[in-house]
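The first chain written gets the first letter, and so on, giving A, B and C; residue counts start at 1 in each chain.
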C-alpha cells in the first residue's frame, strides 16, 4: 500500500512571458510527493526543474504563467491562489531551500534574527523562546558556538556554513514538505557530503517529505527513494531511485548515466550530441533529434506510459532489449588515460616547476596559497591537479601562465629557466604555454568575432604565416574540435556554453603550444556537454600528443583525462601518483576523504541490501548526529582516520560539483574566491 | 544600420531623436535664413508680432525671430565641446587607472576625489570668479568638472572587466597595455560610456544655458537663447514671447537629449549587454 | 603604538570626524587655489581701469594680497578657523555681515523645497512602482522625465508666467522674503521659489521611490523570505528597508549636490535675497572674499551631508564593516 500523497502536481503546464508570447517551460507534468519519502528530480540546465520546484511550492515568479493543471497540498489546490492565501503554507507547511546560499539569507540582518523569525511566525514563540529555539537549531545543524553565531551576519560564514544556516531556518519550524533546489551545488565536495548527510538526517528524523532537485544523478540515486528525470519540461522517466539509475529505460537517462565519468573505472565517457531544447517540444519526442534509437514512431507526441514493472517511461521503444542494457559497454579504448608512468629515462620535461611558493596578504596578514610545490610534465602527458576551493590549484595555473609571481620557485621550459611574469618571457615561451579558463561566459571577448579571437594569437605567435595559411590553420583546429567554420563570423553571444569553451580551446591550440593549462574548463558545463569535451580532449591527445595540466575538483573527470595527478590541500601537495592508483588506493588521508565524499550508488546499494531493511536508511556512519562544524577539510581527513572504524567502502554524501549552465553558480563562486582565495571555503 | 533602426524603435529614442534633429536644424540653418541682423536694432522696441517681425522686437528693438534663429548654435555647440573634452580626459584616465591600478590609480582617484569634493556648480562658479566670464571659460570649466565623474564611471566599468578571463588570456599572451585597454576592454565599456555621455550632455545643456541666463556664461549682446531669456525677462508681463520661445526651445533640446539617454539605457540594458545565455 | 588594542577599539568612532576634517581641508585648499592663484588682478577688477598704481597697492595691502602665497594661505586658514570671513572687495563691508541673514533665508527655502518634494514624490513614486507597467505608471515616468530635463530657470519663469502673471495668485518677486510684516507675506514669497526647486528634485526622488517599490520581489533573498512566510510590514521594514536604504541615501546625497545649482538660479529668477543671489553677484564682480566664503560654507554643508550619508550606508551594510571571519572551530 502506497503512502498518502502530500503534495502533488497534476498535468502542470507553465511558461514564461516572452517578448513575442509565452515560452512554455513545463508540459503536462505529474509529480507526486508521498508522505515520508524523498523524491529526486534530475535534469540538465533548461529542463525546467527549478521552475517546477517553485511551482510545487505554489510560488509564481514574475512573468510565469500557469497554462494548465494544478498543484495540490493535502487536497487543497494551491496554484492560482493569491500570495495572501498561500502565506499560510509557506514556511509552515511547505519549506523551500533555494540553490544559492547567498540568496537565502538576508545580508543585512543578523543570523539570530533571521532564524528566530521563523519560530516566531510559525510556532508562535515569543522572542526569547524563539531565539533559544534558533540557537538550538543552529547547534543541530552543526554550527559551532551557536550563541555567538546568532549575533553574526551571513557574510561572516563560509559557504557551507551559510547553507547549514539556511537549512536550519527552513527546517526549524518542522514543515511537512521540503523542496530543495540544488542545495549543495557549488560547495566543495567534502562539504557537500556533510551537508547532504545533514539534510537527509533531519528529513528522516522529522519524517518530512522532500523533493530534491539536482543535475547529479549519482547523488540522487544515493539520497532519494524515488527518481524522476525531466527533459524539456516533461517527465521522461519515473521509478524508484535504484531502478532508474541502474536500469534506465529511457534513452536520455541511459545517455546521461553514460556521460558521467566515474572515478573508479576507466569506462570512457560519451557525450550526447546537440543541445537540450530550452522550451517544451510538444509535437514529437523532445529527445528525438539527439537519440540514437530514433524511429518514425518518434515524430508524434509521446505519452508517459506505465510499464509492467511499475516504471513510467516516455518512449515508444521502452522495454526493447537493445535499450534494456545498463551502461554502455561498447568502445574499446579508454578516453585517453594511458596506464603507467612515463619512463624515467624519457624525453626531458616540457615544463618543470620547482619549489613554487605563492603568498598574498589579506587583511594585513600574509597567507600561503602554495607551499613548495614541484611539478613536471613531459611531452604528451596529462597531469591533473585536484583539490577543493582554496587549495591553490588555480593559483598554480596562473603562476605558470605568467599572471602572478610566486615568492619562491623556478620555472623551466624545455630545460631552460624562464622568468615568471609573462611580460618578461620571450614570445616563443609565451606561445608554448597557453591557458584555458572555466567560465564560458567570460572566456571570450563578447565584442570580438570568433574569427578575430582566433586570428590574433596566430598573427602574434606565427608572424611568418600569411592570411591564407592562417585561415587554413584555423579551420584545421576547428575541425579537430568539431566546430563548424561558419561560427567564425559569429559573436560569442550566439554560441552555446560548450561551443564557447571549444573556441577557447581552439584559441589555445591554434599556435601549436607545447602545454595547455586547463583551469576547470568543464566545471561550468552540463554533464552531457562536459562529456563531449572530454571525448574531444581524448581524441586530441591521441592525434597530436598534446601535453596538458588539467585542474579540476572532480575526481571522475580526473580519471577520464589525466595520467598522473597531484592532490592539493590548502596549498600543500598531499599526494602524487598515477591517477588510477591515487583513486583506488589512496595513501594520504585527505585523498581518501575526497574519494569517500563522492556518492557511489553501487556501494550504497551493496550496503543497503545485504544487511538492513528499509527502516534503517540512516547510514551507520552517521549515527550520533551530523558532523560538528569544527573540522576543517584537512582535519576531516585526519579525524576520520583516527576514528578508524569505517572502512573505505562506505561512500556517502554528495558528489562533484557539476554546475549547470552559465552565470549563476559559477559567478557566485568567482565572487567568493578572490584571487588567491582570501577566505577558504571551509566546512 | 540595424542597430540604429532598433534604437529608433524604442519610443523615447524616436521622440528624442526627432526633437534633437529639429533643434539642430534650427540652430544650424537658422543663421543662414534669419531675415535681420540679430545684433542690430531694426525697429521700435517691444513691438508685438507682425508680418515683418514674426516674433516682434525685444527691449532694444532687435528682431526676436532673427535672434532666435541665431541663438541656438552656442546652446548646442558649447555643451558638445565641453562634454567631448571631458570625455577624452575621462576615458583616458578611467581606462588607465582602472586597468593598471597601483600608483596610477591612486593618483587619479585622489585627484577625482579632490575635484569632486565640491559640488560641480559651485566649482564652476569659483572658476568663473577667478578667470572671468565668456564662452571659452565655461567650456573649460564644465569640461574640468565633468571629467572626474566620467573618469569614475569608466574606471569602475574597466575594473569590472579586468578580471574577466579573456583579459587574463590576453595578459598571459603578453599583449601590450595599449592593445588590452583599447582592443579588449574598451569595446566592452561602450554601452556604459554612451549612456554616461548622453546623461552628461543633458546636464551640460542645462548647465550652460543656466549660466548664460545668469550672465556668467555667454555674454550679451550675443543672441544665445539663455541670454535672450534673461534679457527679456522684464517683458514677461506685457509680452512674454521673447522669453518663452527660447526657453521652450532650450527645454525641448534638454528633454530630447534626456530621452535619448533613456533610450540608450533601455537599448543596452535590455538583454543586449547582459545575458550571453 | 597606534595599532595597540585601545586605539583600534576607538578607531571606528574617530573615523567620521577625521574624514570630515580632512574633506573640509581639501575643500578650502581647492577654493583658495582657484581664487587666489589665478590670472588677473583682483585689485584692478575691483577698482576699475582708472585706478592709480598707488590705489592698487593700497588695495593689495589692505587685503593682504602682497604677501607671498603660502603666507596668504596660512592667513586664509587662520581666518577660516576663527570664523573671520574677510572683507568684500565690492562693498567693503564684512563678508560675515553680508552673508548673515541671507544664509538663514536660503536655509529655510531649501528646507521647504525638500519638504514639498518629499511629500509629493515619495507617495507618487511608490504608488507608481506598485503599478509598474500600467498606463498610470508610464504617465508618471513621462512626466518625471520631462521635468528632469527642464532647466530651473525655465521652470521658474514658466511658473512666474502662469501663476504670477496669468493667475496672479502669488507674488512673482520674492524680494520681500524675510522682510515682510505679516507671516503670510513672508511665506508667500518663499512659496514659488520653493516650488520651483521642488520641481527639479521631484523627478529624481520619484524615480528612486519607484525603483524601490518595484524591488521587493526581484531580490532573491526577499523571495526566500517570502517563501519562509515573512510578509507585510515585517517584510518591508525588516527585510527590504535595510537593503534598499543605502542606494537611496547615496542618491539623496548626490541629489543634494545637484540642487545647489538650482537654488542659485532660482534665487536669481525670483530675486530672492539669499546666499545664492549674493554668490552670483559676487562671481560677476569677481568679489573673491565673498565667493570664497560662500563656497566654503556650501562646500562644508555638502561634505557634511556626504559624510553622514556614507556613515548611514556603512551602518546599514554589515558587509562593509571590518569583521572577523568566523573560525571554523
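General remarks:
Definition applied: contacts are C-beta pairs under 8 Å (C-beta built on N, C-alpha and C of every residue); 3 or more make two chains touch, one makes a residue touch a chain.
These figures come from a predicted structure and were not determined experimentally.
Fewest steps needed to get from chain B to chain C, stepping only to touching chains, is 1.
Contact tally for A-C versus A-B: the pair with more C-beta pairs in contact is A-C. Look at where the CA atoms of chain B average out and do the same for chain C: the two points lie 22 Å apart. Averaged C-alpha coordinates put the centre of chain A at 52 Å from the centre of chain C. As a whole-number value, the distance joining the C-alpha centres of chain A and chain B reads 50 Å. Of all residues in chain B, those touching chain A in their complex are 163-166, 168-169, 171-175, 184, 187-188, 190, 275-277.
Partner chain A is touched in their complex by these residues of chain C: 217-218, 220-231, 234, 238-239, 242-243, 316-319, 322-329. The touching residues of chain B, when paired with chain C in their complex, are 12, 113-115, 117-123, 125-133, 202, 206-207, 209-210, 213-216, 226, 229, 233, 236-237, 240, 243-244, 247-248, 250-251, 254-255, 257-259, 262. By the touch criterion given at the top, residues 57, 59, 61-62, 83-84, 87, 90-92, 95-96, 98, 100, 102-109, 113, 117-118, 121-122, 144, 149, 152-153, 155-158, 161, 166, 169-170, 363, 629-632, 679, 682-683 of chain A touch chain C in their complex. The touching residues of chain A, counted against chain B in their complex, run 398, 401-403, 422-423, 425, 427, 430, 433-435, 437-448, 457, 460, 492-493, 496-497, 504, 507, 661-663, 675.
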